[in-house]
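The structures considered in this document are given below.
Here subunit A shows up in two complexes: once beside subunit B, once beside subunit C.
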Partner chain A sequence: MDYSQFLNMQEEISLLAVILIVFLADLFLCGKEERICAMGNGTALSATACGCGRMNVLPIALMVVHTLINLLPWCGSACTPVEAFGGMYQHTPMMTIVKSVLNVGVIVVMLMSANWLNRPENRIKQGEFHSLVLFTLFGMYLMISSGHFIMFFIGLELASIPMTALIAYDKYRYESAEAGAKFILLALFSSALLLYGISLIYGVTGTLYFDQIADKLQVNLLSIAGLVLFISGMGFKISLVPFHLWTADTYEGAPTVVTGYLSVVSKGSAAFVLMTVIMKVFGSEAFLGLWSTAFFWIIIVTITVANLFAIRQKNLKRFMAYSAISQAGYVVLGIMGGTAQGMTALVFYLLVYLTANLGAFAVLHVVEQHSGKIGMDDYNGLYKTNPKLAFLMTLCLFSLAGIPPFAGFFSKFFIFMAGFNAGYPVLVFIALVNTVISLYYYLLIVKAMYIKTNDEPIAPFRSDCGTRAALVICMAGVLLLGIVSAVYNYIDLFSYGI
Partner chain B sequence: MDNNLVNVLYLSSFVFIPLVMLLGLWLAKSLKQVRGVMVTGSSLLLLLAVYLVFDFLGARAADPTSEMLFTGHYLWFAPLHIEYAVGVDGISVAMLLLSAIIVFTGTFASWRLQPLTKEFFLWFTLLSMGVFGFFISTDMFTMFMFYEIALIPMYLLIGVWGSGKKEYAAMKLTLMLMGGSAFLMCGIFGIFYGAGGQTMDVIDIAFQRGGAHAIDFAQQCIWFPLTFVGFGVLGALFPFHTWSPDGHASAPTAVSMLHAGVLMKLGGYGCFRIAMFLLPDAANELGWIFLILTGISVVYGAFSACVQTDLKYINAYSSVSHCGLVLFAILMLNQTACTGAILQMLSHGLMTALFFALIGMIYGRTHTRDVRELNGLMRIMPFLSVCYVIAGLANLGLPGLSGFIAEMTIFVGSFQNADTFHRVLTIIACTSIVITAVYILRLVGKILYGTCTNEHHLKLTDATWDERTAVICLIVAVAGLGLAPLWVSNMVSTGVAPIVDHIHNAAQVVSQSNPFL
Partner chain C sequence: MIQIEYILLISAVMMFAGIFGFLTRRSTLAVLLSIELMLNSADINFAVFNRMLYPDGHEGYFFALFAIAIAAAESAIAIAIMINIYRMLKNISVDKLQKMKW
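What follows is the complex of A and B.
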């Protein structure tokens, strides 16, 4: 066996190194007495007295190093497409970009969660949080770079099972445990659908390698059933309507940071994988029309239904869940036609969506940490007491709604442009009309914060440095990603169509 | 330095100055500093706009042929052919001057605004940045971007600082205008890809294949209504005008001024520059539908103004009528009428800003805008009342003030179209002058003359220095435009001519689908 092909997987290997270091550090930095002590009398321990405090900094630092190393241009796989293990693992420069986007998301989530993890009830399981997050990220890496359906499926499972543990992280809180149970059941159900689809495709072609399937696959009833099951399975992961029913409950129950992670990183990776796999496996002329029609209707239903449901939400986490579903609809718009322009627009959209959505979640999270409030009415009059947070939230919401000069406007414009160019003007028009509905409900929060008054407003507070760092990163993204055109142009260099 | 870069920087200073103002406001600690930043910035913008007018006139004399002067390009998103492209012609120079005057006077009109003064000016400056950016752009993407930048601050400006049913009005206005921009975005994609998907620059698209047939006729007929309605919503096109009365009535003074004075002009300008210029065949073919709608706007707006009792509602409906006249005139598709349309934009912008400023000042003192509760104000606040009379006279088209010039040009131009359809519509639209006279004169007589019956009003004071500054600036501009219209109309017509020629060069000048021809 030629071991040098492992070098082609250097991104996975460096992530694995990060995971192992975090794993071991957790073992040694957090001593046994402290664990017992923390369990016995958690409140008595100050953060500095415990070695666990360091557990927050280490994974973040390692992730930053890992991201930077992988972005260096001379580091192997960044420039040319490579493969390993006879095509099971495939890598293109575009994937480096997507993985880096996911890395940034993970770093922001870890920054956001630092203060929360230092709370007494969470301190003993800090290490678990970081390891689980990194394991899901590793799963997403495998999924993105897979060239074989088994590899793809392993990555997918690795990305969803630790996620369940994260969702149920507050296991003594009823909602969190319930959300975890809902998520695992539906994740398994969707995996089963996906596996069934894969097995049908295997039955038709006799292979599981993407490239070989693409050569052999003919349009017949079995392969169409395989396609439909594949789209349904992925639809669960991305939470497209009608496969979205788990989303609101899970998002509401999960800890807020995990909700942020789920809505951005997990969803983003799945959307990108859906695009690459569909392009690779079902890229032929005959299938193009089939899945384009399917996505045409899925997008219309997803965007419209999610927008209409979002209007009625009073809990902001549920609200963000429906907002995330409709955003997923816009993301999938980039898949239409399988063009290079669409891929650029999709990846750019993911990046922009990541900064805006995580920024909004950072505000929700920090407010929840300080006041325990998450309802929309609780945000009434936030501008009077916490003007800066309210202002940042406004910028994030404007970016999500696609208002210039924030990055969201550019990403929406480009994804609509890609959809229009791929030949779906009617779809783009319907999506555009929906942006007006989405603007309405985003403005509801702005209205609550700026215009409405409140008898018992959220008291002024100073947020911790972790959250502030996360917010700074997100704001930099919201303000600069669009105007600085180099980002889009750089992504465009590496995108490819069918 | 090469010319391209100089031009980009020169015209972009209209965007950079507001950006620096935003930064200054962000850092400002006291009310005094906020005011200092606003006055410095808006004066600089005004000086720059005046300088640009003279610079433009000089450059135009040297180069009478090119459509746009001071053009500059910076390739922004290369894969999508999106450029940051700037350039001005006679129309946009006039619009920039108008915007600068309104921003300058708007600053003084909201001099004593409370509370959250700093935040108010932040959003106000962002709005003006959008407006300036829109008028300097020649690339559809940047135009659209600045267009939306100008729309969204309205929500907070009305919602936070407004009066009456402000939350409803702010939401309605924002959603309707954003709905319009959804149509517009679709239209822009259609134009871009219909013309080959190689450039977003307005001039390049218009003339790339010798003009008329850059885009298929069938496609033009789809994108024209979308684009025209998209901009028309902002230009108060019937039946999409309903945001205007509510929005204007609820907005604070300076925002009403800027919105009615400048923002609504974005609609007319966009219709002319993008919808008509880039889709000339469809403009000839389908223009009649919108001509009827704008005719309704003109007359209906004027009648509605007659029955209102709120001063701001009266003026808002009057704006619907006058802005309808702008769209009405550009759809007449000839040089005189289109020049008149631009003059009407200037004239309406100035006088409606004057009106809203005065109403705001009266409201600030009497705390009512209900016509039935106001009377005999002439004795109590003579300065404001005299100015109100002047604004009213400008509104009803008294010769010597700006309204007369604009409306006269429009109706002369409209009547040049020899067919019955256009002439009948012109005559119907002309009646709006009479109706305007009715409600203006009744209004002036009711609230200014007679004796004041309300005891509280007797103690009120006349205008303060900052209010006088705002009002006098506007009156000078209104009178200036009315007394010496020729230089403006010459400047404007150099910008109008290429566009009108382009529309006349279209393959199909006579509409086939119009049943009234």
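What follows is the complex of A and C.
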């Protein structure tokens, strides 16, 4: 065996090193002292006296190093796709960029969670949080770079099994467990459908390598059934509308940082994978029309239904869940037609959506940490007491809604451009109409924060430095990504179509 | 030799029995069992296609092996969550998991 092919998967190797270091450090450096602190409820002892507050710094620092090493494809536009293990692992320069986007998301989530993990009830298990997050990220890496259905399926499951543990992380809070149960049952159901779909495709072609399947796949009922089951399995992961029923409950029950992670990183990677796999496996002319029609209706239903449901939500986490579903509809718009422009738009959309959504979740999280409030009415008058947070939240919501100076406008613009050029003007029009609806419900929060009065507003507080760092990163993204056009052009260098 | 249609028919029946059970059973454990049925029907498919149609490779068998291992891992974590819920509710009926809806 040629061991040099491991060099082709440098991102995975470097992430694996990070995981091992974090895992071992958690095992050996945070010993008894930590557990004793946790049992003493941390009341008598201050957080710094209790050792492993620094344990939050190690994973973040390692992830920053890992991200910087693998930030961009080294060879620039001269990069060619590489593969390892006979084509099981396939890597294009575009995937490096997507992985960097996911890395940034993970770093922001870790920064947000630092203070929360230092609370007495979580301190004993904060190492688990980092390990689980990194393992899901590793699964997403494998899924993104897969060239074979076994690799793809293992990556998908590695991304969703530890995710369940993260959702049920608050062991003594019932909502968390209920959310975990709903997530795991539907995730299992969707993987079973996906697996059945893959088995049908295997039955038609006799191989599981993406490239070979693409050569052999004919249009017949069996392969169409495989395609449908594949799309529905992935639809569960991205939470497109007929398959979205778990989303709101899981998002509401999960710890807020995990909700942020789930809504951005997990969903984003699945959307990109859906695009690459469907382009590679079902890229032929005959299938193009089939799945384009399927996505045409899925996108319309996703965006519309999610918007209508978002309007009536009173809990902000549920609200963000429906907002995330409708954003998923916009993301999938980039898949239409399978063009290179669509891929650029999709990745750019993910990047922008990541900054805006994680920014909003950072505000929700820090407010929840300090006041325990998450309802929309609780946010009445937030501007009076916490003007900076209210302002940042407003920027994020404007970006999510797509108001011009912010990055969200440009990402939506590019995705509509891609959809239009791929030949779906009607779809783009419906999505545009829905953007106006979404503006209404995003503004409901802004109205609550700025205009409505409240006798007992959330008391003023200072957020911790981790959350502040996360907010700074998100704000930089929201404000700069749209204006600095180099980002879009750079992504465009590496995109490819069918 | 048994013809491939019969085995595929069995796996299809298993699949839809699993889906039916997933939608109708009230106990979470029964729901988990239904999901196992669905996963196993896909595994049967892989084995059958490999054995009957493409006997010169082993991809289908390997996929079935990996799928079984992954299904076991998922069931383990699902049952762990069920135990946690049982501790809080003393009940694991699906109907009780309704604190959050709409």
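Quick note on the criterion: the second predicted complex is superposed on the first by the 485 of 498 C-alpha atoms of A that agree within 3 Å, B and C clash if a C-alpha of one lies under 4 Å from a C-alpha of the other, contacts with A are read in each partner's own complex, and residues count from 1 in each chain.
As a working rule, contacts are C-beta pairs under 8 Å (C-beta built on N, C-alpha and C of every residue); 3 or more make two chains touch, one makes a residue touch a chain.
Model, not experiment: these values are computed from the prediction.
By the touch criterion defined above, A:Val301 lies against neither subunit B nor subunit C after alignment on the C-alpha atoms of chain A.
Here subunit B and subunit C are compared by how many residues of subunit A each touches, and C touches more.
By the touch criterion defined above, A:Glu178 reaches subunit C but does not reach subunit B. Legend: residue contacts after superposition of the two complexes on their common chain; A:Leu16 is shown touching neither subunit B nor subunit C. Contacts of A:Leu480 after superposition on the shared chain: neither subunit B nor subunit C is touched. When the two structures are aligned on the shared chain, A:Asp492 is found in touch with subunit B, with no touch to subunit C. Only residues 76-80, 141, 144-146, 148-149, 152, 155-156, 159-160, 166-167, 171, 174-175, 178-179, 182-183, 185-186, 189-190, 192-193, 197 of subunit B touch subunit A when the two sit together in their complex. Interface residues of subunit A facing subunit B in the complex, by the touch rule stated above, are 341, 344, 398, 403-405, 409, 413-414, 416-417, 420-421, 425, 428-429, 432-433, 435-436, 439-440, 443, 446-447, 450-451, 485, 488-489, 492. Contact residues on subunit A toward subunit C in their complex (touch as defined above): 149-150, 153-154, 157, 161, 164-165, 168, 171, 174-175, 177-182, 184-185, 187-189, 191-193, 195-196, 198-200, 202-203, 206-208, 248-249, 252-253. Partner subunit A is touched in their complex by these residues of subunit C: 15, 18, 22, 28, 31-32, 35, 38-39, 41-43, 45-46, 49, 53-54, 57, 59-60, 62-63, 66-67, 70-71, 73-75, 77-78, 81-82, 84-85, 88-89, 97, 99-102.
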